[in-house]
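Chain nomenclature is as follows: A, B, C, D and E, assigned in order of appearance, with residue numbering initiated at 1 for each chain independently.
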Amino acid sequence: GGKEGPAAETQAEAPKQEFNIGWSIYAGWMPWAYAEKSGILKKWADKYGIKINLIQVNDYVESINQYTAGKLDGVGSTNMDALTIPAAGGKDTTVLIIGDYSNGNDGIVLKNGASMADLKGRTVNLVELSVSHYLLARALELSGMKLADVKTVNTSDADIVSAFSSPDVTAVAAWNPQLSEIKAAKGATMVFDSSKIPNEIQDLMTVSTATLKANPNLGKALVGAWYEVMEIMAKGDAKANAAIDQMAQLAGTTPENYRAQLKATYLYYKPQEAVAYALSPDIIKHEDAVRQFSFSKGLFGPAATSVDAIGIGFANDKTLGDKANVKLRFDPSFMQMAADGKL
Amino acid sequence: MSTLLSFRDVWVEYGEKVVLERVSLDIEEGSFVSVVGPSGAGKSTFLRLILGQEGPTRGKVLLDDVALKPECNPDRGVVFQRYSVFPHLTVFKNVLFGLECGAAPFTARLFGARRKAAVEQAMEMLDAVGLAHSRDAYPAQLSGGMQQRLAIAQALIKHPRILLLDEPFGALDPGIRLDMHALVTGLWQERGLTIVMVTHDIHEAFKLSTRVLAFDKRRHDPHAPHRFGATATYDIPLERRSGASREAAIPSALLPRPSEGAQPTQAVAIPSIS
Amino acid sequence: MSTLLSFRDVWVEYGEKVVLERVSLDIEEGSFVSVVGPSGAGKSTFLRLILGQEGPTRGKVLLDDVALKPECNPDRGVVFQRYSVFPHLTVFKNVLFGLECGAAPFTARLFGARRKAAVEQAMEMLDAVGLAHSRDAYPAQLSGGMQQRLAIAQALIKHPRILLLDEPFGALDPGIRLDMHALVTGLWQERGLTIVMVTHDIHEAFKLSTRVLAFDKRRHDPHAPHRFGATATYDIPLERRSGASREAAIPSALLPRPSEGAQPTQAVAIPSIS
Amino acid sequence: MTRLVNIRPGRAGRIIAGIVPIAILLLIYIIASDMRHTANPNDKVLPTLGAMADAIARLATTPDPMTGRITLLADTMASLYRLGVGVAIATVTALVLGLILGVVPLMRATLGPIVTLIAVIPPIAVLPILFIVLGLGEASKIALIAIGIAPYMTRDLAAYVSGLPVEQFLKAQTLGANSWQLAIRVALPQLMPKLIESLRFSMGPAWVFLIAAEAVASDIGLGYRIFLVRRYLAMDIILPYVLWISLLAIAADLILHTLSRKAFPWAHGDAR
Amino acid sequence: MTRLVNIRPGRAGRIIAGIVPIAILLLIYIIASDMRHTANPNDKVLPTLGAMADAIARLATTPDPMTGRITLLADTMASLYRLGVGVAIATVTALVLGLILGVVPLMRATLGPIVTLIAVIPPIAVLPILFIVLGLGEASKIALIAIGIAPYMTRDLAAYVSGLPVEQFLKAQTLGANSWQLAIRVALPQLMPKLIESLRFSMGPAWVFLIAAEAVASDIGLGYRIFLVRRYLAMDIILPYVLWISLLAIAADLILHTLSRKAFPWAHGDAR
């Protein structure tokens, strides 16, 4: 049960050889697709004597749900969804890699409007209860408004571009690649983007804590593969360009479009940077903002009576919320190994 | 009596297949013509020509010396073996239907005094066929005989000059058939109708009508049975006969089994093939 | 001849409605029993009891002095007015069906020598009913009369002791009806069958059978017509009669119209109501 | 021994026999849910019956603090409205088109092929076009339902009308009926029970399209709620909602069936 | 003047009449697309025919540099495989269940209610559950198609079998048939043409479910591609894909229709 914490689950899980890792198409997760296609992932898996199946899921939420239901051992997730879906569902989850934060990849776009002030009273189309919703809440907060000042309409991410083409839609909050299409439309103005709230929307690789405890090799292989791709991308040479072109192709878009998305993504190319952030007090501040929003929208479920109901663990035993019910753990130790070259 | 309908060298072909060939005959006003013949001989096709459901491939069908338009019209009423009444209307409304259609082109409904007059007319008609007591039943609740009575009432309310019957009693039990014979004969006499009836039952044909047409192929190509069509091979006038003498007029070739019925004692009229 | 079937104070009720009441009678082996009566009198219900399609509400139906199980079995063959043959099988396969079912419980198909024997038997049967030339046609391609011949062939191939016919010729043309009469009479005599036939046609009943049962209600409550059931109100033996004498035995009450046919000149047998 | 095909359970027997498999399914669920909750008390995938009851009681009785409306009720009303309007439009369209296509050979030749083409286009594949043309409001949701089911219904009804015995049309013409009267007095009334039957078959797809439309862009509705709470895997809400939709669908089917029996007795009597 | 209902265009007339509305629709599209491109040369909503032809030529001829496969071909194969397997499973299930439910009254009483319950659950609403139970592989996509159409087909077939004239079952029993023989020799062969008809009606929903499943979890397939490029509003790919799906659907329908006519001539002859 919950009071015994992860220890009980750890005992339940036996070491295994094969792992399923889910991901969905998004600028910050395309390196995983490249890692697989280029054989880098297999190389690292072989090195640790395991097999890793990378499974593409078209619908992002479905990938998180699958992970929560236990069908996947790990999944590419944002910090907010990792908290509100698996962690809130009692699935003890470890953040293995802090890949990037959205640095403009999420934004709010208006028709016939130039600033956040013009948003007041409008109807905003967005994926409700997603990072877009969070972005909107933060944007309103920073502009001295509240969520109650706008009306929201839940709109599927696949259809948000065509939604914006419709005359009766005048405000949307979206992420890339949809955001870049929306921005490009005639008469569209982006009035807020995630670069104004750095590090609050993070793209992570999360894995089941129990699985990771029983199979530390999974963590090592994933982190090793990830930072090898990061190294290739960071070089900026022909190989990096080829890799990025391939990622664009895998994302179903043009290299130019994908590069534009990457620009709005602050990738922690070097493990040291990510570790430094994970150890800093900022991370606690950022996660606190996310959990406050999530709780206020009821995303912790009907049983949660306070924002502290679900604990979030950080390096050096720091926590937010219920220490006895820590379900989301930022664990920089594997990234540290990469930084130390010990993989 | 005067000639009402004339067939002038009429051919009906469906693609390669010749169904009727060289049919030339006149039908007089007030006559009761029965059409007999083997299955596939084109009896229904002949009726369809008069009805206007289709036109001849060659030749002409004249009504009052005017070429018939290939379209059904209220001057020719029809009763089929099945599907002759509307299953969604009660007995009474089935009869009223014809009056409503004629009088109200757009709504096909009558109101007020006109409706009252129509209702009376319809009730009289139902009385005439003995269905007044079933006025609110749906056809599915009627027996086969009652359905055919209804179909006749429905057709007669438009006062057609010609009533076409395509095996109207084929699906009825013998007892009920007798009733229907009496009914049709009575109506025919009262109303001065011209009736053309297709039947499989040779005795029925000879019992009821003033003239019997037998359709059959005159020529036969065993290798291509569709090459030749049928025509009226016998044309037997019966006006002045009655009772047993009628039965006696049946040519043996028309009887279903030679073991039964009378021998051909009379020379039959030569079919009027031009 | 010995008693084959016995009805002992049989009642059939559907909920409130009494269809048959106090039916008690014996049917002898080798007899040809016709059942007549108005619509709804329970003629088909009577047949269903013998068939085993349903059981009596009260009383007993005995076959060879053993109570009948309410289930159809090959010792009783049946021909209905419609739906008696399988539309998806050719003529030949319709007849073969019974042989296959009996011989191969699981596959319901025969192979090799057994199939050859069955095929021969089936062809003989088709010959007997005059359908050998149509062996590969589907039922929809046959005329109504041919379909009923097929149904009879199909039933007889199992050598049933009793053949049940529910208005088998009701949908046929008179000419074809005569053929069928000859066929059934022939088969009945050749094969020593016991036949129970329901018909609407009183003349047919008196022409073909050795005994005519007329079903009707004996009591009538005009306010609750369903309260009383029908039973055999006339039970007329005809074994030793023939031809015109048969027709003469028809009680006038059974004739469809009093204006037609013979007068009741003979005292009729008293129905055997216990 | 009685043959298997001849064993006919009575009324009580049928009810018990029908309940058994459903009860077994329920039992399997309870056991599976219990197992998952033993392993993880916060499990979201298979909520306990109690949790579902709580969730649904909350949604069905407590007004939403933001809107002041009772969520389940508001969702149901919104969805039923869309479904009702969409189905009504489809029904009227199909009736009119089916009648025209069935009665007038010339129109059948003209419009038949394009109706077939539209019928085979999977509507969810063209959703973007629908949004662009009709906007994101109620119109596009209603249109998806209508476009989703109308072509099928139209073809079904047209086939039915052209399958009516030709004798009826001939007879009506000998009774003086013109083309219009043939349509409204011969074909239309006979089409009505078939329309209801076609509608009953189309209700399943109609619900699917409603949910699909609400999943795409909405702020209220049964499908909206299911796809919204899917974001945090609130199966304790999803499952009762699915059950509720099923009950609504069964109720709609019963209503249509009863309506047809009451309104068109001639179509349900024993055919001769 | 000939009544409207009596005008019957000939063969050539029918073809021309059928093409006209489709041509008009195409023309309207071309004009609308042209107008939008005049206003905004980069318009994505209504791509020109040329742009669509380019896009589809690229997808249909150039192998994907990464996988070495031709995208359109690979998508089509993947989708047809899923559709084929899903429909096959549904067909077999519906045939077996429909036969059992139709022939054996006891089984109808037992399984009828649960089949009805499953039939009314909108499959899209339970997609999350399906993926959780069956994972993200081919199984769940195939299952959505099968679950989406099998209950309807089952009910349709069961109703057909229990509607067969009781005389046939009685007759067969008097010919010595046992329950099993009734099922396989009387009911089954007569069910086959109805099965194909039911299948033809179910192909539309089957495509919808295929696309819905591929939209959620997939990395190849026609539905996947449509939803992938939907994010960029790449109508130049979406529209040809939709047209392609429609053509596949029409082809499938024609094949099934022909199959039925060839295999079961007795079911298509004139009924007496």
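Things to note:
We adopt the following convention: contacts are C-beta pairs under 8 Å (C-beta built on N, C-alpha and C of every residue); 3 or more make two chains touch, one makes a residue touch a chain.
What you are looking at is a predicted structure, and each value in this text was computed from that prediction instead of being measured.
The minimum number of touch steps linking chain D to chain E comes to 1.
Contact analysis places D-E first among chain pairs (by count of C-beta pairs in contact). Chain A and chain D have centres, each the mean of its CA atoms, that are 38 Å apart.
Rounded to a whole number, the gap between the C-alpha centres of chain B and chain C is 35 angstrom. Look at where the CA atoms of chain A average out and do the same for chain B: the two points lie 84 Å apart. Across the assembly, chain A contributes 65, 69, 158-159, 161-162, 165 as residues in contact with two or more other chains.
Shown for chain D are the residues that touch two or more other chains, namely 3, 45, 128-129, 132, 173, 178, 215, 230, 233.
Counting only residues that touch two or more partner chains, chain C has 71. Of all the residues in chain D, the ones that touch chain A in their complex are 39-45, 54-55, 58, 66, 127-129, 131-132, 134-137, 215-219, 224, 227-228, 230-234, 236. Partner chain E is touched in their complex by these residues of chain B: 69-71. Across the interface of their complex, chain B is touched by residues 2-3, 6 of chain E.
Residues 165, 167-168, 170-178, 180-181, 184-186, 189-190, 264-267, 269-272 of chain E touch chain C in their complex. Taken in their complex, chain D has these residues touching chain E: 3-5, 7-9, 13-14, 17-22, 25, 45, 103-106, 109-114, 116-117, 119-126, 128-129, 132, 152, 169, 173, 178-179, 182, 201, 204-205, 207-208, 211-212, 215, 223, 226, 230, 233, 235, 238-239, 241-242, 245-246, 249-250, 253.
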